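Labels A, B, C, D, E, F and G are assigned to the chains in the order they are written; within every chain, residues are numbered from 1.
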């Protein structure tokens, strides 16, 4: 079953993505995000069942695919997903780049400016 | 302006090639698209290209070039596959007679495309020189001469020196 | 006028898509025009007003004549993408638009909002995404609309100019991206099991697919995980306290009002409605999460000195309350969740606008604040009503959902859930009471107050007053909204009316 | 009957107009008139109620929330409502005078009127949730009234403390009412009362009872929840007279009396109420005598009185309920009078210190008269309604079915204390040597009217027992008892144990009062030392501790480390994928690999290699380069398995991702090592592997199911014929599911704009010299 | 008969391309300098063009062919971008420390 | 990285890429391609142009800000869905007009307008991203 | 008849192309430094893909594809050298020295922007 091996590959993608996203450097987290996106696309492609069929293109002179064709729907979904995750990745990349410049580091553990050691509120009335 | 028109017609041709043959639709649309792309793309002074163009040398160049690629390609292949890999790289600095940017770029690309030689950069302002890396060139001067009399000569014959672009 | 001559019995196709596409078109126009930030505000407000009108008309049609559906491109469902407006979606859409319009109005007079013409584009895109999510009847299309409002919100947090705001933005972006990716993974697996993406079709096929041995339990849990991240349910709420406080007050006002509610909406639509049996399996887990979220939110709010962070934790406490209704899953509980979500859209946006105003008046640290009641009685009045609303006390609108949720949790024999609801309410009363007393009643420390009256400009007080009065109307005259909430709950428990309207003659796919 | 819903709204109407009335000269007097009208409307129903009728009715408010503006007028609610309205009138007059020159009068009267409306609504409400709404409103208005002068920290502390304690009680009330509703199916008291039979079996009764008791004990300041009441004395005196003695604090007692017919027979009821009541009575009285400030003395004596009422409600016999009814009426009158009296003294003498005030009878003759009569009623002297109450109390205590002696002794001690307080507040300040006090203002008619009227009423009711019982006490006792219960006690004292007990209480009280000066110091310092462990200090420690604990929790979890946040997400992700399958249907069986061609293996190998390379890459530059590999391999896979459009887009996006990655990271100094510590790796690896395995398992579990190709077949069949396109995938994107693409390109446009905005802000800030 | 010759050539080509794919992948990771990796990535695109071409011939689906052109365009841009990245890094960062490093 | 050779060849390379991108766009309905990939290639072309001649040259050549192009693209996509609404059909119902003029088959449709909208957005956005990143590089 | 010749031609072309790509792959691994490897790589770019594209041009039997294949060859012939040039210049500018280089005075004197840093990585 082709899906089995693709499942394993998808598993590898996810494992790598998770490992990268837990990294210390924001750059590696970004790479993890790219890997995660690839992994999800492979997952959707596999979920749509895979066979050795031709691309879903109707040949000249036919009004419908003459031969068994690959499932077109997941391909369309993945196309949408690829472009969306690329757009989001591009933004986060630029944000991280801006963050590096402004916070002076890409080390995630040093990036705590948004949540400083919370000061206690007044304890009286 | 003639530069723009030349570019437009070239891109129109490109559209016809992509669009699958010179049908009426392709020609019409190709023309429009070619013009639009030509306007979008800053075409440098192609003006000087046309003035001194001679067909015969250009044809000789067109035939000679693929042959050169094939021969030196074979040479480099033998070199890479031989166990000892007798490689004697050299960095040549070739003073140029050509002046037009287009012509210099053409020469540089032809040198890069023929395996064994790679144009790294164009040095200097007035006295333009090509910095070329040769994979196996025991005799530096011989290598320079081979290019000077080979490709540069052919381009000079076909298109002349070419003035500096406006 | 076109709208008046509308036949509400079967609403025209454009009415179902207008709420989402109008703001999107508005954004397109602003981007195309580009150059004039000054015009961006008014245009955005007009677009939102029109969209709100469409939303209200759609809600009226749904309440009077039941759900409506249209499939894009005139393709037969489930092949094309269907929009299905049921009471739940239409109700959420109206209140979300109301909050967004108020924020846009407030933004007209706000320097950092006007400073960057991107603000109104991102606002419109976010609203378009949220409205699309509420009205779509296709689960992948729901994902797409999620991404639309996510990128809109990215744009807004991207306008960060300080280190804290930028760090908050990065955390918001990475964690929310993971959230929507979890949603996409769940959709991939769902498509693998069901072979369809149309929600009505999924609801129809769920029993059969379950029999075929599909791991619907795991799938439902995966959806819950994804939406829990979007809704900031504990322990997935980390992104919220990092980003809401550091974003500009109006950005936080828009987020507070809309974003977590979309997460809750998705839980209701996808898990409660589409996979009831699978969802019910996890009701124990959900109620535990609800308790933890309520308590974490309330305690978090009590512990902050920075009013902005307090407001962030209050949102989380609200999410826990909404989750309690999903945990019990009965008619009263779901109605409680819907009612709470709807009223908290207005209340939370008002809260952040208020915090923004207080920030301009005397800063956001409770240690340094004081004497605001002398400065502006309107602000003090709004603050008090908001505190009562969020703590779930009369005359605020937060009371009725709390009553419903207490009823539902006790009827479902879940005393610990009731205890959590009541305990978090008590902590909220303590937190909000302290906040109000320290900021408004305590005499102002010398020189703490800003000289200029930026906090009292009409573009701050007017939208604030409108949102607070929405809360008062819901509090004093809850009947129509309670009825809508119950009809939304009925629609979730028995989606057959929705299925019939999407597949009129019960057409087989 | 149309008059009735109006009664609900009258005080609120007054509240709305109060700020304007106060500003217009003489307008303030309209407020007591409105309450008087309210009182009249209610009194109009007295004959019908006396005849045993029960008036109920409702206005629809929110039927789907089981909420209606419904009322139930019977002896109990009428008596309470009359007290609320009656004393309200006098307090309004008194407040108009007392706060004549207070700049925030408008706000004060608006809230006071709102309180009156809420309190009246509470006692008249029939629907459970309506009562709950009014209950919470009284807590909120009390918060605002106590915080009338918020610049003082003690006032703020008292206001919040009162709101928290009574608020907690309110929440318990909600739970209790819902539980009662669930147990009986009733939505209102009218439906609940007849349903007593069905209540017995349900397990919900105990929790319901517990919740109701918490609500009552917090609202009616029973020990240990009593500490908020004395602190509430921070409020202006009219508020103390009205809310914190006559009305609001009685709400808990009302709740108990209202539910007595239903819950009275429960074991929890008959044991807890007497115990808490008696304890509160004795402790309240004791603490009262430890005070120097007359107002605090009255506050603690009110705590004691509330204890007595709770105790009587606990006993539940006809006599006990009659005693409770009488004492409720008597207390309302004499305590209201004494509080206002103390206000007058405060205004006239500038102090409320019991040990200083003396000889004010000449300056304040009318106040002295009121003091004597009120003190007499409080002490239970004959000819006053207090005497009737005292007799019934001791009768009830002596005949109590359980622990009669203990209760009687407690009653004796408690009441003795109250007698002492009566003397110390009502009599002592007026007798003895007149000393010069630098009073602020003369005691105007407005100030003295209230105390005098109430004091006289105490005597009038004490004498006209026939009319009193017929109109007020019998109907109220019957309502509380659940069956008709006639109250007959006459004004003439008759020999018997109750008389003996009340005389001894009187004697003991007088002895204490006269020797007050000698032992007060010792006793109050002892009381102060004990109170250190008391609930009031406890409240502060709980509050501070609560905030510190909350801060601890919030900062520990919300610690700012994105790695921690992502760690939680992925642990849950792995759990969600693995646990349900583990628990549920079990792992999907391994379907076996298909036969792949060499180039297919090579491509998968390269993908795996790329993933491995990026994971172990020591430097980020290597990682960036390696990310291209996995994308490429995936694109080739799509190409090999019939997805050309996908391959095309994946190739392009892959390359452009790498391009943007490099363009953006030009500036970053990627050299410094960022390797994980081995501890981090110990966590990251298992989580990553678990997520990977989880995905594999779920994918296998899903792909082994039969696939329904309906959608794909439709797209393949209709793509050319209906949508004019041969490339099915592209047709799906632009036509069949065009809306997805519309959303998608909106994302793309917005992302571009967002990036442009970030870079523009970067340029602006760097131009301005920032970073 | 000659069809089988063509098929053999195509399969052989796929194998050759597969092998060079692995070689190129090795260079991407080995490096040592970033320029080496960019060169390898550029060769990857060329490999992909080869793949597409051969696969199109093998499967008869010339519809795939345009991918090759798109690839050529994109790979050119990526190499140009990397070149710019390498050059500008010199201006800011000294010779990359990992020049001689092994993964 | 603006070098002599690059500047000389860039117009040719970019021109070819733009023509190719329009080709990929127009035939996407029948063969792999379409608005996305076309847009990406066009975006890549302008990015390359930016590298060769600098970002200001590209902005001048485009005459309109790239993000505005994306804005017009979104409006085109939205407008392509409207005509069907006026005909009482659901949003984005395809309306087709097919003829053959002088031997060339011509198919105009709202779906094509939608795909052109997609093309403009992707091209405009990617160009904008590339330019704002390149601008930073100089 | 003509089909057989065509098939053979296409087979040879594709095979040749693949061989040249393989040579490039080997060259990438075996050659000592970046610049020498670039020779191998640019050869793959030009000859390798060129031949395969020629194979497709002849083998497709569809004039449209043939035209596009030829256009592809033109495009590759223009972009490959420019890309090679940009990469080589960038490497040289950032101090990466070709291995064991003879001849060029400029390189020797290090007149380029920065000092000579010998990078030597064995084959």
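Simple rule for what comes next: a residue touches a chain if its C-beta (ideal position, glycine included) is under 8 Å from a C-beta of that chain, and two chains touch if they have at least 3 such contacts.
Keep in mind that this is a model prediction, so the values were computed, not measured.
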Chains in simultaneous contact with chain C and chain E | A, D, F
Hey, which chain ends up farthest from chain B, C-alpha centres compared?
-> D
Quick note, more Cb pairs in contact for C-F or B-G? It is B-G
Tell me, please, which chain's centre (mean of its C-alpha atoms) is farthest from the centre of chain F?
-> D
What is the distance in Å between the mean C-alpha positions of chain B and chain D?
-> 85
So, what's the distance in Å between the C-alpha centres of chain G and chain C?
-> 56
The distance between the C-alpha centres of chain E and chain G, rounded to whole Å, is 11
Roughly how far is chain C from chain D, going centre to centre by Cα mean, in whole Å?
-> 26
Among all residues of chain A, those touching at least two other chains are 21, 29, 43, 46-49, 54-55, 57, 73, 77, 79-80, 83-84, 87-88, 90-91, 94-96, 98, 102, 111-112, 114-116, 118, 120-121, 125
Which residue numbers or ranges of chain C touch two or more of the other chains?
-> 24, 27-28, 31, 72-73, 80, 140, 144, 147, 151, 154, 158, 170-171, 174, 178, 185, 189, 192, 241-242, 302-304, 434, 437
Which chain G residues reach two or more other chains?
-> 19, 26, 38, 68, 71, 75, 78-80, 82, 85-86, 89-90
Mind listing each pair of touching chains for me?
-> A-C, A-D, A-E, A-F, B-F, B-G, C-D, C-F, D-E, D-F, E-F, E-G, F-G
Spell out the residues on chain E that touch chain F in their complex, using ranges where they run on.
-> 63-64, 66-67, 69-70, 73-74, 76-77, 80-81, 83-84, 87-88
Complex contacts: residues of chain F adjacent to chain G | 1, 3, 5-6, 9-10, 12-13, 16, 20
Please give the residue numbers of chain E that touch chain G in the complex, ascending.
-> 1-3, 5-6, 8-10, 12-13, 16-17, 19-21, 23-24, 26-27, 32-33, 35-36, 38-40, 42-43, 46-47, 49-50, 53-54, 56-57, 62, 65-66, 68-69, 72-73, 75-76, 79-80, 82-84, 86-87, 89-90, 95, 99-100
Chain A-facing residues of chain C, complex | 140, 144, 147, 150-151, 154, 158, 163-171, 173-174, 177-178, 181, 184-185, 187-189, 191-192, 241-243, 245-246, 302-306, 309, 365-367, 434, 437-438
Mind pulling up the chain A residues that touch chain E in the complex?
-> 54-55, 57
